[in-house]
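The first chain written gets the first letter, and so on, giving A, B, C, D, E and F; residue counts start at 1 in each chain.
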Amino acid sequence: MAMKMVAARIQTHRLDPVYAALLEVGVSSVTAIEAKGYGEMFGHTEVYRGAEYQVAFMQLVKIEAIVDESLVEQTVAALREASSTDPERRSRVWVHDLLLGDPAGESS
Amino acid sequence: MNSGDTAWILASTALVLLMTLPGLALFYGGLVRSRSVLSVMMQCFGIAAAASLLWLIIGYSLSFGDDLGGVLGGAGKVFFDGVNTDSQQGTIPEIVFAMFQMTFAIITPALIVGAYVERIKFPAVLLISAAWVLLVYSPICHWVWGSGWLQEMGVMDFAGGLVVHLSAGVSALVIAAMLGRRQGFPGQLQPPHNPGMTAAGAALLWVGWFGFNGGSQLAADGGAGMAIAATHIAAAAGAASWSAVEWLKFGRPSLVGAATGVIAGLATVTPASGFVGPAGGLILGAVAGVVCFFAVDVVKERLKVDDSLDVFAVHGVGGAIGVLLVSFLAATALQGGGVSVDSGSMLEQLGVQALALAAVVGWAAGFTFIIVKASSVITGGIRVDEQAELEGLDLTAHGERGYDL
Amino acid sequence: MNSGDTAWILASTALVLLMTLPGLALFYGGLVRSRSVLSVMMQCFGIAAAASLLWLIIGYSLSFGDDLGGVLGGAGKVFFDGVNTDSQQGTIPEIVFAMFQMTFAIITPALIVGAYVERIKFPAVLLISAAWVLLVYSPICHWVWGSGWLQEMGVMDFAGGLVVHLSAGVSALVIAAMLGRRQGFPGQLQPPHNPGMTAAGAALLWVGWFGFNGGSQLAADGGAGMAIAATHIAAAAGAASWSAVEWLKFGRPSLVGAATGVIAGLATVTPASGFVGPAGGLILGAVAGVVCFFAVDVVKERLKVDDSLDVFAVHGVGGAIGVLLVSFLAATALQGGGVSVDSGSMLEQLGVQALALAAVVGWAAGFTFIIVKASSVITGGIRVDEQAELEGLDLTAHGERGYDL
Amino acid sequence: MNSGDTAWILASTALVLLMTLPGLALFYGGLVRSRSVLSVMMQCFGIAAAASLLWLIIGYSLSFGDDLGGVLGGAGKVFFDGVNTDSQQGTIPEIVFAMFQMTFAIITPALIVGAYVERIKFPAVLLISAAWVLLVYSPICHWVWGSGWLQEMGVMDFAGGLVVHLSAGVSALVIAAMLGRRQGFPGQLQPPHNPGMTAAGAALLWVGWFGFNGGSQLAADGGAGMAIAATHIAAAAGAASWSAVEWLKFGRPSLVGAATGVIAGLATVTPASGFVGPAGGLILGAVAGVVCFFAVDVVKERLKVDDSLDVFAVHGVGGAIGVLLVSFLAATALQGGGVSVDSGSMLEQLGVQALALAAVVGWAAGFTFIIVKASSVITGGIRVDEQAELEGLDLTAHGERGYDL
Amino acid sequence: MAMKMVAARIQTHRLDPVYAALLEVGVSSVTAIEAKGYGEMFGHTEVYRGAEYQVAFMQLVKIEAIVDESLVEQTVAALREASSTDPERRSRVWVHDLLLGDPAGESS
Amino acid sequence: MAMKMVAARIQTHRLDPVYAALLEVGVSSVTAIEAKGYGEMFGHTEVYRGAEYQVAFMQLVKIEAIVDESLVEQTVAALREASSTDPERRSRVWVHDLLLGDPAGESS
């Protein structure tokens, strides 16, 4: 059976709802990685002692869920919907192919 | 000998040490990148150690030894010679006075650290600071407090507007200009890595300042109380006015700003603290918060000098304001000690203050220039190489990392 | 004038300031999310500045000015009028007394910060705190310490069980209820982001409390020593009993718990500190650790009020316990100062204490309600919007980030 | 009764408490892994609470109660019996003396924490510390300061070289040896997780030491001033010499090294502080920085004992150096108090000091061994299991995490 | 020659042994990324002032080693074995395909 | 249209120049992840109280940019050049294939 890695970048405070959504579709093992998101609509300015510091990124979390092919669609959907309350601001979700991992891993 | 006065100066000595360690170390440490936080603290420790030993060996004598032509103290008190448990200074033991003054000799060069963070060689820090304590601090301390020529002229500097803040501020500007800017200055610097650390340091500085200004009364009396009142109010007013400016200019006040305003208010009230009342403190603090805020901009944006943590803008400018305004604010009308009256009309006093200011600026700038030049020769350039600066001084100069969480 | 007493109150003034800055700022700062740590510290700095200025301008006069019908002080001491370096208060200069009291006027509104962290507008904090100092703190301070009606009745409140802890605790509960809960309360909150910072703050509060309770003796004598003994033992007992409860309930004691127990013990012993001996402190601390622990649960789980950092449960409940139990614990049998005797039989005293408690609760709750309502109108709602709360107040209200490691 | 002396000892009591909380808690906390930082702080809080209560209940009496055969104090002062606001000790209230001494009884067992961090059960910490305060600290305190046999012999230990540092250092070594090494010792340990926290702690220890040594004069006079002078200079010299060794050996000095040198200098000067002048402090500090540096290596590399934070190498060795060298350094020639003369020729004194040292080492080592054995039985082994050690004590023993940034 | 990315999530304190094992099979360049692991058997409860906080994850490290095809098997094996002393708790290892990187990269 | 993930590990202080370079070639959305880099030429020794601690890694940043096939080459090139001022020390850049993500994502 083939596994895929579903990944997305979400806002930090959406981590809990997203994991809850993934649990619902039966995905329990997930990796969350803190990341800095650089993007057009991102970044902000901090002012210290009158000097402006451009902070081009915003803190976010990269979510990785390695799931069986059969689960990919629901996983992607669950991730997207839970990524933001505002349909306009939902995160994009990507799917990575995986070659066979170690059989032990598969079977576990 | 008065045990109450002695108790207060003993406590004040501890409070002033608290200002540098850990106060200033935290205040400055939080303002730099996380890759240089330890180096800044190390500079404060190193300076504290060096200044303490030098003060014992010769600094105290140069400052408070028998006056030599009004310019310098003699060698009579080298290694605290003659300072035993019985010798007195006013109503307290001289050894207590000598230790109290030592804590001033520690924090003054430590204030300068803010000028050269993240790019200076550690040996250069020690060399410059050591020479500075002997060639700049001690003489000026003698002029103003050691019955030197300025004291004879009746200059008013209660706790160190000239001796501490102006001398440190001016020297900081000179060093910063000679050392050059941090890579990325001014456009692409990283923001302070730990504003909470800076705020904690500012708070300890605030608390310690009670000993700094209140202790300068050298007695536990109403004068000390009034000095603390003026000091505390100036700190509060400085925080308020600095924050107000930020609020108007940027739409919101910041913690780093409030903390800086506190320090600006405290530095500014220092020379006046024992001569003015709370009203004087209020005025000095309020003025400091605004003027120092814009001074930061002038130094960094106009002069384009990377006095990185704004030592000149806060301590130099603040000290100068206090040194000049005390001439008026000491008026009894403002609950001031009224000292200004005894020491001649306000304008006369202003003249004396201005002269002292010029003398201190000239001496500090001149000798600092020479010291840096000399140190540069000895250390083969006082600045670390580009790569070391990028990687941060913690790892490159001290082999440590600030955080392994 | 006694220089020894003066020296101690000068030192105590520094110690009590240390309690708020940085003590309380660190204690509270470590308990919130990392995205709001700076905002909490900023609230403490802002309140310190505002309260200091107000105390100078009018607060001190309202509290200690000539009594007006037992309810309020007159305008005689506005802007510290008449408080010069010679005027005395008992054996110390009045200016020292006024500054010592100022540090109390700073920490009391700052304690309330714990009620509204992570979701309140900064302008609202300043507005509420300023009004609170004048309308709630100053009157109550006058009643109890400014020869107001409660003092006339012989109420016992050595260092501020009523004036500081109960008034702050009750007001905190009211504000928290009116402000509403944090998003995610109670189920999905993030744990304290930096318990070590909280512990460091608690330690500084403990140390500073020596000045708070010991300084309230207004003299450097055995009474001050005894107050410190009772205070310190109560802190130790509070840590022990709170930890014991956790151990029994959850199988292990936590640092945040021990630190909270320390504060609970200290708040509880405060009104009694000068009247009881170490035995009294032991009892008060032990009781506080247990009762306050469960009070936290009652407020958050039963009342479902998000008094976020448990100001009411710790300071309100603790202060109340101390105010009531002092009636018995002051008994000479317990090495107490025996003051209770002079002030009538224990039950009589208990009646006075209970009345005082009721009066303070009513006044504080009532005026806090009005203040919040008014502030809400002025600031267009005292709460920030959902998004700002999620992103954290550091960035949204102050434009800073707590950590850039 | 002298109010000035009392004021100073009240302030000193606060300063010594500051040494443990938060000073030592931060100093030690920064040196461990981030997964055990809270457990170290918790150990300091737990010990502070336990030692305080025990001191009140019986410890003070065992130390300063009427002498029983020179070995122990009687039960006369149990629960501070007879210690009221009027009873005096010299020129200060006895309650102030008792509280000042309490802070010593707190920090001494807390120093030992450095020996067993990251792998000991919390109940074992409490058990061992409690027994240690009664069986080791109190007796030795009585011998040296409670008119016990060593005091009768004229042993010189001004502020606790024997009572505090040597006793703690030796016991630390014993516990560490019995407890066993941390996993990965010595090759694969993680470096200190937060050197800045350690430096801040060292700074607070430095400041607090003014109260520790200066307060031990029990008066606000020239003697206290001289003690602070010797103390401060020793700290500076310790930082300098330790850093110098690092510089020569590794090419650069570290902040952790400088901070450790400060503590080494302070521990070493402690027994001598009131008997020597600044010159004596300079020598003691300079020696301490070098000797303690190599002592660390001996303990860890030669003896292969994981006295994790070098309690023995710094406090044990440092204390011993001071205890022995004071015999010579107290000479008036070195501005010393000259006390050595009254107490016989230097060599005689050296004999007394050596005997005292041997006695303390023997007693502390012996009873610590017994205490650990007993505790081990009671707690079913004083060490946590492998997994808990790997995951860190914060989560496994206290259910908390140090940082959630 | 084709490169693959071998990746696994391991417990923090296994990082050193794992890197040692990889060195043995000739893999010297490795990237380690701190991550939060969400999984059935994970998470714990923290109690502050009587209130329970559910912390659903545990701290772990994501290991990435980009190796030549020929090395994949050993790398996977080495990683798995070193990931835990307890054969039952070993981490699963996944292999990601890689398209040509930059030639410079290849050759280096 | 097919998307690829271009990834590289760069030195922390090169993050800003790298992002600037990516913006120039039209890549605005980028994820940066802090990582520990283990490598032959890496690591250093820290000395505390005379004891040496081997720190085998150096702090660096993993950069991920998911771009359209057509942009891969420029992206790779831009990333490489900006990764170091010294041509010898440039980072290697890898390209990961991606299966279809969610259409919404695509379209956005």
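Operating definition for what follows: contacts are C-beta pairs under 8 Å (C-beta built on N, C-alpha and C of every residue); 3 or more make two chains touch, one makes a residue touch a chain.
What you are looking at is a predicted structure, and each value in this text was computed from that prediction instead of being measured.
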| item | value |
| --- | --- |
| Given subunit C and subunit E, the chains that contact each of them | A, D |
| Copies subunit E and subunit A - interface residue numbers shared by over half, same or different | different |
| Duplicate of the C-E contact set - from A-C, A-B or B-F, the pair where over half of the pairs recur | A-B |
| Comparison of C-D and A-B by number of C-beta pairs in contact, larger one | C-D |
| Computed distance of Cα centres, subunit E from subunit D, in Å | 45 |
| Between subunit C and subunit F, centroid-to-centroid distance (C-alpha), Å | 51 |
| Shared-contact residues (touching 2 or more other chains) in subunit F | 16, 33-34, 46-48, 55, 96-97 |
| Overlap residues in subunit C, where contacts from two or more other chains coincide | 2-5, 7-8, 11, 188, 190-192, 220, 250, 254, 256, 399-403, 405 |
| Which pairs of chains touch, using the document's own definition | A-B, A-C, A-E, A-F, B-C, B-D, B-F, C-D, C-E, D-E, D-F, E-F |
| Contact footprint of subunit E on subunit A as seen in their complex | 3, 5, 16, 19, 28-34, 66, 96-102, 104-106, 108 |
| Of subunit C, residues touching subunit A in the complex | 188, 390-391, 395, 399-401 |
| In the complex, subunit C residues that touch subunit D | 2-5, 7-8, 11, 15, 33-34, 190-196, 199-200, 203-204, 206-208, 210-211, 214, 219-226, 228-229, 232-233, 235-237, 239-240, 243, 250, 252-256, 258-259, 262, 277-279, 282, 335, 337, 402-403, 405 |
| Subunit A residues within the subunit B interface of the complex | 46-51, 53-55 |
| Subunit D residues within the subunit F interface of the complex | 186, 188-192, 246, 249-250, 254, 256-257, 260, 293-294, 296-297, 300, 310 |
